[in-house]
Amino acid sequence: MKKIAVVFLPVLLLLAFSLLSTAEQKREEEFRDRRLSRNSGGPAGEETDNPYVFGEESFESRVRSEHGRVRVLKKFSSLSPHYLSRIENYRLGLLEADPLTFIMPTHLDADSVFYVIEGEGAISILHEGSRESHSLERGDIIRVWSGSIFYLINKSHDRKLRIVKLLQTGGTNPGDVEAFYSAGGEEADSYYQSFSIELLEAALNTRRDKLQRFFAQHKKEGIIKASEEKIRAIAQQSGKSEGGPWPFTKSKKPFNLLRKRPSHQNNRGHVHEADSNDYEQLKDLNARVAHANISGGSMVAAFFNTRAFRIALVEQGSGYLEIICPHVGRGEEKQRERGQGSRKYTRLSSVLSEGSVYVIPPGHPASIVAGRGKNLQIMCFEMPAENNELVFLAGKNNILREMEDAAKELAFGVAAKAADEVLGGQKGEVFLPGPEEWREEIRGHGDMALEYSVLEVSAGF
Amino acid sequence: MKKIAVVFLPVLLLLAFSLLSTAEQKREEEFRDRRLSRNSGGPAGEETDNPYVFGEESFESRVRSEHGRVRVLKKFSSLSPHYLSRIENYRLGLLEADPLTFIMPTHLDADSVFYVIEGEGAISILHEGSRESHSLERGDIIRVWSGSIFYLINKSHDRKLRIVKLLQTGGTNPGDVEAFYSAGGEEADSYYQSFSIELLEAALNTRRDKLQRFFAQHKKEGIIKASEEKIRAIAQQSGKSEGGPWPFTKSKKPFNLLRKRPSHQNNRGHVHEADSNDYEQLKDLNARVAHANISGGSMVAAFFNTRAFRIALVEQGSGYLEIICPHVGRGEEKQRERGQGSRKYTRLSSVLSEGSVYVIPPGHPASIVAGRGKNLQIMCFEMPAENNELVFLAGKNNILREMEDAAKELAFGVAAKAADEVLGGQKGEVFLPGPEEWREEIRGHGDMALEYSVLEVSAGF
Amino acid sequence: MKKIAVVFLPVLLLLAFSLLSTAEQKREEEFRDRRLSRNSGGPAGEETDNPYVFGEESFESRVRSEHGRVRVLKKFSSLSPHYLSRIENYRLGLLEADPLTFIMPTHLDADSVFYVIEGEGAISILHEGSRESHSLERGDIIRVWSGSIFYLINKSHDRKLRIVKLLQTGGTNPGDVEAFYSAGGEEADSYYQSFSIELLEAALNTRRDKLQRFFAQHKKEGIIKASEEKIRAIAQQSGKSEGGPWPFTKSKKPFNLLRKRPSHQNNRGHVHEADSNDYEQLKDLNARVAHANISGGSMVAAFFNTRAFRIALVEQGSGYLEIICPHVGRGEEKQRERGQGSRKYTRLSSVLSEGSVYVIPPGHPASIVAGRGKNLQIMCFEMPAENNELVFLAGKNNILREMEDAAKELAFGVAAKAADEVLGGQKGEVFLPGPEEWREEIRGHGDMALEYSVLEVSAGF
C-alpha cells in the first residue's frame, strides 16, 4: 500500500501540472530530479531511509483474539536506533475490540495515557484500594497508572472500540512493557496459577481441588464476547466514582479533547490540544495530547517543535508528510567518525494512510498535506511538553518575519522588501490550501499571470 | 547452601503431605511436575534463570581487613543485563566492623542511605564546612551525601556493627562508585600522596620531609582497632550537632525506622516503613526504606509494587521467595525478535537465608514464606517511592475483590459468588499462616473435611 | 605543543630545585620516580591515560568560514567512554567570529548557555513568537532555548567575538546536536529548499520561479562579513526587548558574571560564580557558570566537587593541572571483572594552555597551578549544580581540620598536634602561592632552615 502510493504520488502531481506551459514544465522536471536526487532515492530508498514513519509491519501483536486485538509499536530504539533512541522509554499501543466485548483485567509495568479514537466503552481501574469506572467516548483522554489493574468493555452493539495508548515504561529495561493478567488472557494462565499450589492454597485459604476447578474455568483469550446484561451491569457503574471524595482526591475522570475549544481553526482545518493544565494527570508524564483535522486538499504550514518529539497516528484519511532531516543520508559511519560536520538536509517524504504512525523529532521542519476528498485526521502525543513551542515557518505567523530588516538582508542576501514578499507572502495561518488547490487558485488568475511569470523567469537567468 | 535447600524444600513439603489420601497425593504430584516444568527446572536452572536473587558470590570486596569488611553488590546491569538495567544506577553495599574499631575517613562519588542492621556505633560526617556526629543503633536510617567525608566507630565491646547502604551513583559511568580515602585505607595511600610532592608542599605549606614522615605513619587498612579512650572521645561528640541551628538547617539526625509505628501488624508479622515524610532527606533520592519481620512458618500475602523496584536483604532467618515473571524463560532472542508476544509466566522460587539479596521489579507478583522456627527479618529499599503503591492479591484487602460481579463472572468464567469464595476466602491480611501451618490448621478440621474434599474432587472431574 | 610542555615541565621544576642540598635533591628524585611510576608514565602514557583533558584535536568543526568558525567538542561518551558517559548528553561548543560579521540564523535541537569570552556583539533570539535582541560583552551569560532561532553580530571593528557554549542535547540520540539553517549556511542550503517545490510554493504562496531566485541569492557561509550600516542597524535593536512586559515574562536579559562580586578573592586570584539564583534561566539546566583568574605563579588549593562535573576551558595563560583518579590505570578489564576492588590512585597531570578543555568528575581531588608571568584565566560550567559543594583539602578551610582529635590520631596515626601542623599548616585559602614561589619564599628563610630540615630528615629515617 505504502509503496504503491509513493509511486502513485508523482503521477498525481504530474497530472496536476499537465496544463502548464512547457517552459514551466521543464523547470518543474528539473526540480523534481533535483528533489529526488536530494531525497534518499525513491520508494526503495524510502524503506531504508525514512526512520520516522512506521506501518503495520512495525507493530508487534500482544493480544490476537477472535474479538479484537492489542498491538504495540516496536521499541523506537530497535526501529530507528540511530535516530530515536532518545524516546526508547516510550511505546505506542493500539487496542481494537468488537461490539459487546470484555477486555480481560490486567496491569502493566508502565504508565499509560489512553486516547479513544472511536466507539463507546467503559473502563474500570483498580487503584489505591478501590475501583473507579468511567464511560469512554471518542476524544476521551484517561491516565492509567503503572500497576493499576484495569479492564474495559465495548458497550456498542455495532461499532468497534478503538483506543491508542502512549506507554512510558518503568520496568526492567527501558522500552520493555509487560502485561500481567489477573484472570488469564491471550495464550496465558492467570499469574495466580504460576505460584506453587501449596503457597496459593495458603494465600487464598482455599483447597487445591477448588482452586483447580476455579482456574480451569477461565477463558484463554484477552478479549471475549459479553452478554448484553453483563455489559449493562458494568456500564451502570461508570462514573459512579465521580460522586466520591473528589476534589479531595485528584479527579481521575477522563478529559474529552474534542470538546475543548480548538487552539487553531479555519475553513482548512482545526486542532485541539490538551496538556496538564486541562488534565492534571498528564503532569508527571510531561506529555501533551493533540488532535488535528485537516480538510481534504489542505495542508499544515511548515513548522517544527522546539523541544518535543511528536508521535502521531493517522486516524482517518490519507495524504503525505515531508520531514526535513539533517541526519539521514549522512550515513552512520560519518555520523560517528566525522561528527555532524556537513550540513546537508534530506527531505523524507512518505505517504500517510489510516494507521500510519510517524515521529517528528524536535527542531525538524515538517509539513503535512491532506489528500483531496476526505479529511485527514491525526492524533498525536508530544513530550516533553513543558517549555515546548510550536514554531511556524510559513504563514502570517512565520517566525522569520520577526527578523530586523538588516538581518533579513544579510541572511537572505536580498532587499528586506523582497524577503518579506516571500516570508510573508502567505496570508493564511496554520491550515492552508495544499499544493494542488493552491496551483488551481493561482491559475484562476489567468494566463496573463503565467506569461508574466515566464518572462520574469527568463529575465531571472 | 542455596542449592541444597532448593533440593531439600520439596522433600519437606512431601513429608507435610504424607498423610493425604492417595487421590490427592497423585494430583499433588501432577501439580508439582507441572510446576517444575513451568519453572526454570530445578537448582541448576535456578542459577541461570533467577536473575533477581543474589548470594555471597554476587558481591565484590571493597575493604577486606583483619577487623571488618566492606562489600558492594555487583552492578545490576552486569548481574542481570536483560532484567535490571533500569536500576543500573543503584548499588547495594554492606559494612561489617568488629567491636571497638574505627572505619577510616572517606568520601564517595555517590549518594547513599545507610541503614543500621546491628550494633552500636557513631558516624561523623564532614558536610558544608562543618562536622556532625551521630550515634547509630539498630534501625537507624541516615543519609550521607555524595562527596561528604565520613568515618564511623563501632562503640560496642562485644558486638559487630553491621550497616547496609543503598548507593545512587553520580560519577563517571552509571553504577560506578569510588571511595576516596583522606588518610589512606585498604591497600591505598591517601589521595594526598598522589599529588606531586612539590604541589603538596605548597598546598599544605609543609616541607616534603615532614610530609613524608606524616604519611609514612598511616595504616594501610580501611578498618582499624581503636583504644577505648579514643572511641569514647569520639562517641562523646555524637549528637552534639543536634543542638545546632536546626530547624534553620534541615536536620541530618538519623531517623529510627523500628521505633515508628508499624504500617501493618498482626500475630504473624509486622512491617515498618519510612519515606521522605518521615525523613526529609529521602526526598531527592525518591526512596523508601522498610523492615519486615515475618514470624516463623508465616508468609506475606501475594503482592506487587505498582512502580517501585524493591531491593531487599535478608537480615535474619530463612525461608523462600516466589516471584512470577513474564520475561524469564522467553529467552533473550525471543525478547528482541518476537517482542513480548507470548504471555507465559514463570515462577522463580529461591531459598532465602541470612545475607540473601533479592530484587522484585514493579508489577511482578511475589510472595515470601518464612521457614518454621526462627523469624524471617528482611530490610528493603524501594524506589521510585513516589506514587508507588503496594497491591495485595490475597487476603481481606485483595484488590480483585473490588471488581463488579459482572466483571468477575466475565473474567473468571464462574458465578460471582464462586469467585468471591476464592478471591475472598482468606480473611487474614498481609501476614498469613504459611503453607505448612495452613495445611495443619485445615487438617485440624478432621477427616470429614478431607473426605468431603475428595468426593468434591471426583465430582469435579 | 602539549607533549613538548609535558616533557618541558619536569625540566623547569628541576631548575627550580637546582639550589637544593644534594641530600634533598636525592630524595626529590626518588620522589619524582615514585611519582612517574605511579603516574601513567609520561607523555605517551598521558595521551592514552588522561581521559579528562582535551585539546584542539578533540573538537569537530561545524562551521569553517573565511570569517570565523564554530567547533564542538566531540561526544564525551566517545572521547572517554569509560569515564565520562555520565555526561554524554552535554557538549561544549566554541564560536569565533571576525570583526564586523554576521552569524547566520539557526536553531539547535539542544538547550544552550552562552558565555562571552571576548568581544562586543549582539544576539537576536526568535522565541515565543517575537524577537528579543541583547548586546553582548565579555562575561555575559545568556540562555538560548532549544529550537529558538538565533543569530549574532560582532559589532567590534577590530576584535574577535569569542563565545563558549554548554549544550544540553534533547534530540535523536544523547549527545547529538544539529543546527537548522533558516537561510542556509556552511555548505548548506536553507532547510526551506529541502521541501518539495510544490509544497513550498503553496506554503509560502509564492511561485517557484520567484522562490528559485530568492534562494539563489543566499550565501553558502555560516559567518559572513557585514557592512557597518547593517551592523549598526541591528545593534540599535539590542536591549529593546528589556523595555517589554518584564517582569511579567521572565527576563531573558544576559547576566554578567564578571560584574558580580567574587565569591573568593585574594592577591593570588579571584573567582566569580553564578547559578539560578543569579540567572533564573539556569534553573532547569541545573548548571552553574564560573570564571577563575589565577595570578601567575599561584595555585588553587587542592579541592573536589561533591556532586558536579566541572567542564572547564582555559581562556588565557598557561599552567598545569593535577587530577587524582581511582579509575585510570586500573584497566578496563579490571574495571569490569574485578570490580573496583583495589584502591590505587593515579595522578593525571597535564599542561594547560589557551584553549585546553578539561573535565573534573565529582569526588576527584584536583589542583591547578598557573605558570609564572601571565595570569591563568579559566571559565567553567558545573552540573548538576543543585546541592553541589566545593570542598577544600588544603588551606585555612581544609575540611579535614574539622575532624575530632581522636579521629585525626586514628586516621593519620600521629598525635593530633602533628596532624594539625600538616592539615592546618597552610594559612592561606583557595588561592595560594604555587610550588615554585612557595619554595622561594621558604628559601627566603635562609640556609639555617634548610640545614635544620636536613638533620630533621636524617633523624626521620
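For the reader, a short list of remarks on this structure follows.
By written order: A, B and C. Residues from 1 in each chain.
In the analysis below, a contact is a pair of C-beta atoms (placed from the backbone, for glycine too) under 8 Å apart; a residue touches a chain by one contact, two chains touch by 3 or more.
Here the structure is a predicted model, which is why all the values come from computation and not from measurement.
Removal of chain B from consideration leaves all other chains as one piece through touching. Both chain A and chain C derive from one sequence, and where they touch, under half of the residue numbers involved are common to the two copies.
Chain A and chain C have centres, each the mean of its CA atoms, that are 41 Å apart. Listed for chain B are no residues, as none touches two or more other chains. Against chain B, in their complex, chain A makes its touches with residues 60-62, 72, 74, 78, 102, 104-105, 107-109, 124, 126-131, 133, 145-149, 151, 170-174, 176-183, 185-189, 191-214, 217-219, 224, 226, 229-231, 233-234, 237, 284. Contact residues of chain C toward chain B in the complex are 13, 16, 24, 27-28, 31-32, 35, 38, 82-86, 299, 301-302, 304-307, 322, 324, 326-327, 336, 338-347, 349, 361-365, 367, 369, 384, 387, 389, 391, 393-395, 397, 399-400, 402-407, 409-414, 418-419, 421-423, 425-428, 432-435, 437-439, 442, 453, 456-457, 460.
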